[in-house]
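Below you'll find the structures, each written out as structure tokens.
What follows is subunit A paired twice: with subunit B in the first complex and subunit C in the second.
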Partner chain A sequence: MRKLRGGSQETENSVMIIEDYHHKMAAHCESGSITSLLNHAGMTITEPMVFGISSGIFFGYFHKMKSFAFPTFIVRNKPGQMRKNLHKRTGVRFYSKDFRNIDSGQIALDNLVLSGIPTATQVDMFYLDYVPSWERVHINVHFLVVIGKEDDLYKVSDSYFPNVVDLPVGSMNKARFAQGSMSPKGFLFYPEFVPPSFDYEKAIRKGIKKACFNMLCIPIPFLGIKGIRLFAKKITDWPSMARDTEHLSHEVMKINILLEDQGTGGAGFRFMYATFLQQASEMINKPELKALARELMEIGDGWREFSLFAARIGKNRDLGPDKFKQMSELLYQRADKEEDFFKRLSKTIK
Partner chain B sequence: MSQVPTVELKTEIKNLIMETLGISGITPDEIDDEEPLFGGGNALTLDSVDALEIIMAIQRKYKLRIADQNLARSVIKSINSIAEFLVTEQEKQS
Partner chain C sequence: MKEKDGYSDCPEQQVILYVEKEDGKYGAMQTGSYISANYIDDFFFKRGNLEKTLQEKIERGEINAIEYYRVLEELTVSELASRAGMMKWTVKRHLKPGNFNKIREASLKKYSEVFNVPIEEIAGRQSGNRK
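This part shows the complex of A and B:
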């Protein structure tokens, strides 16, 4: 594996395009970037397998936290956790770094790319010029892979787009150093060590066990299934927490954005985990996982129904108490379904 | 080699979209097959909520699942892309 080369390097008018990097679309930006980088480094692994082994599936509801102006939720483990878990279970080691200022962040990225190392970086999607204007929103935790630089243009492999795209240096810097909650601070990473092989069965089993623990057993009232139930309970408070109808509508519409529109979302992550279980079923010869995968697909459909319901009422400003009660009921149903699912998954993998 | 989507299928898709979104005042003929359904330029200008409504309507009507968000995004780009996706799926199932 290639290692980071220290020291700055004159980047102006330098040209480097990593031709053998294979760009492909992915279901999710972070797991997709990790998978692509690992594939480039010689590791044969699929995106659902990365997601499953790293126990990516999760839920957390944050009703009142300093860092969030309004309640929010997550449907996967926190950014960075996938890499940490993958390291523990496969031996892959990632180099990662964030930066205090734009100059040092740009120099580091340029050095890596000009040295032929495809590098993932965290960005705010809003500043990505190649994203159509109607799809641009401020989401600070988008990941893309930089695979080249030609004068003032970076060559970018963004797993949400079918082809490699160009991004001007100025826009990349804005995107990497955007402000706000979970600001990227120029964060970048790449795999610096990939083991020649690892024990797939052990990694899969550990990944599933940890996911079940996270969903069922974490003794924190806002995480896992408890988090879905807390969301179900607290969502009826949302109208009293919003400034006005416009604000409430915006926050309700964000449910759809978090679940569906940007990033893979509640449904999509459930679909990806189902694909992981299908693949795992064959790899460790456990047919029961295939049946559970089918069930999880249906659970994902339920999340999509919830997301659509939220999107509809938000868009139509149809935000009466009855609608929040309905959303609450839909969430309780999701919690019951997921609790039953993860309990059986846990028993299956023991 | 994939079959070419028929005019009938494209009209069926247009009707499904109009019914799903409660659109009136235009006819299926006015919706261009190739122009993007999002971002203007077509008789229909849709947003991300409409996109989700259409995905779910397609899933229900044609009994299939579009699980991947990126696939969903590329499928519902235009009437032609939806029609081509459905033809490919029907070929896979037959």
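This part shows the complex of A and C:
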């Protein structure tokens, strides 16, 4: 055995496991991967802080899009944007690369891992063998960290799982080179430079300002607060778009999955952003942020109430027009609350 | 949300929630997925019904096996075409019930990779319409 960079170990068979990489579950795959990689590189930062500085909070509603079989929504900024925003605001520099073919993508990933560098890669969740069948859907924007390779198995630190998992090389290649919208193209990244310190106050302010801008000012009718209102308006059309009651029930229950289950930390990232605001309030000594954090936690409780309501009516097949009207009203309330909240947050941080 | 309200019992699917701890600080807690803990049986019930309905449609000649998997995996025609690396109109032609036997082996292989099922399984689903 030979010691490599970062306390890693290699045997004669090129087996490598980066043993000092600390696997930790996280709320979200992208912010979780970035946080773990930065922590491994020696930077002390929390997942909510990464999420907040990179302006992760967002909302977008897509009623009809060629890549979605049914209306859907997002509750975070564009995949990849967290890494870019973090670089701009903290000075962390990431090495990143995508690939034209599977062979070069695999060789690059293997070389990095075998030289002791934990590397994040973008995958389609559908091909990950360790994911339970009911969670396997075609989502091209899942991130995981590869921390080792043993013969034909990658050792994977996936922030949605409590332990390090194994993934065969064939499945990893399928997942990294899946086609379709936002195809990963084998994309990988790792932090190549971490500054010894950075101006937290400036980074936090910029992160909050951009988040407020995204929620309040983007002049596109389906993004930000406008997106929540559009969702509230259009959700009453859902029954006419479904094949049958069970399909409608499935889509309504997916609201709960998108808000609570699919790596958001609960309430569509609102709880995680509230945690960021509370941490930020202490770091930059701004007590107003603490009060706003509490308020956002309450707004999040309203989102959770909405998502639990959706799960319940979906399960009971109680999907009459009155229930959709009720969901619409709950969404309008969320939009009003969040508009007021982000306006005040924006003023507080000026 | 208070920490005690976030708890769900589902060892098969763990998630991280950010909650208010007893000391008033917000932080992460590891718990089970709420929807999997409470409603996973319903998911499999609906999935089973959908599989059955689609299989019956294949047997009646209303759809073919490619359409079966497309609907099951919630892919639009555009998305399926993009994932399989084919033109949309080609996929549309392949999706017509009577055209399954005209699909080339190479195209079937592409579909099998997208759906992550062997070609034999797709062909078998077509109930003997293809060798």
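The definition used in the following text is that the second predicted complex is superposed on the first by the 317 of 350 C-alpha atoms of A that agree within 3 Å, B and C clash if a C-alpha of one lies under 4 Å from a C-alpha of the other, contacts with A are read in each partner's own complex, and residues count from 1 in each chain.
The rule we apply is simple: contacts are C-beta pairs under 8 Å (C-beta built on N, C-alpha and C of every residue); 3 or more make two chains touch, one makes a residue touch a chain.
Computed from a predicted structure; not experimentally measured.
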- prompt: First (subunit B), second (subunit C), both or neither: which does A:Met25 touch?
  reply: both
- prompt: Which of the two partners, first being subunit B and second being subunit C, lies in contact with A:Ser249: first, second, both, or neither?
  reply: second
Message: Just checking: does A:Ile107 make contact with subunit B only, subunit C only, both, or neither of them? Give me first, second, both or neither.
response: neither
Message: One more residue to check, A:Gly268. First (subunit B), second (subunit C), both or neither?
response: first
Task: Mind working out whether A:Ala178 is in touch with subunit B, subunit C, both or neither, as first, second, both or neither?
output: second
- request: Go through the superposed model and pick first if A:Val169 touches only subunit B, second if only subunit C, both, or neither.
  value: neither
- request: In the overlay, answer first, second, both or neither for which of subunit B and subunit C A:Ala293 touches.
  value: second
Task: Count the residues of subunit A touched by subunit B and by subunit C, then name the partner with the higher count.
output: C
Task: State whether A:Phe70 touches subunit B only (first), subunit C only (second), both chains, or neither.
output: second
Shared subunit A contacts, counted only where both subunit B and subunit C touch the same residue: 25-27, 132, 134-135, 159-160, 162, 253, 256-257, 260-261, 263, 265, 267, 271-272, 274-275, 297, 300-301, 304, 308, 311, 314-315
- line: Within the complex, subunit A is touched by subunit C residues 1, 6, 12-20, 25-28, 30, 33-36, 38-40, 42-44, 46-47, 49-50, 73-76, 78-79, 82-85, 113-114, 116
Task: Write out the stretch or stretches of subunit B touching subunit A in their complex.
output: 38-39, 47-49, 52-53, 56, 65, 67-70, 73-74
- line: Listed in rising order, the residues of subunit A that touch subunit B in the complex are 25-27, 132-135, 159-160, 162, 253, 256-257, 260-261, 263-265, 267-268, 271-272, 274-275, 297, 300-301, 304-305, 307-308, 311-312, 314-315
- line: Residue set of subunit A touching subunit C in the complex reads 25-27, 47-48, 66-70, 126-127, 132, 134-135, 137-138, 159-162, 174, 178-181, 183, 246-247, 249-250, 253, 256-257, 260-261, 263, 265-267, 271-272, 274-275, 278-279, 293, 297, 300-301, 304, 308, 311, 314-315
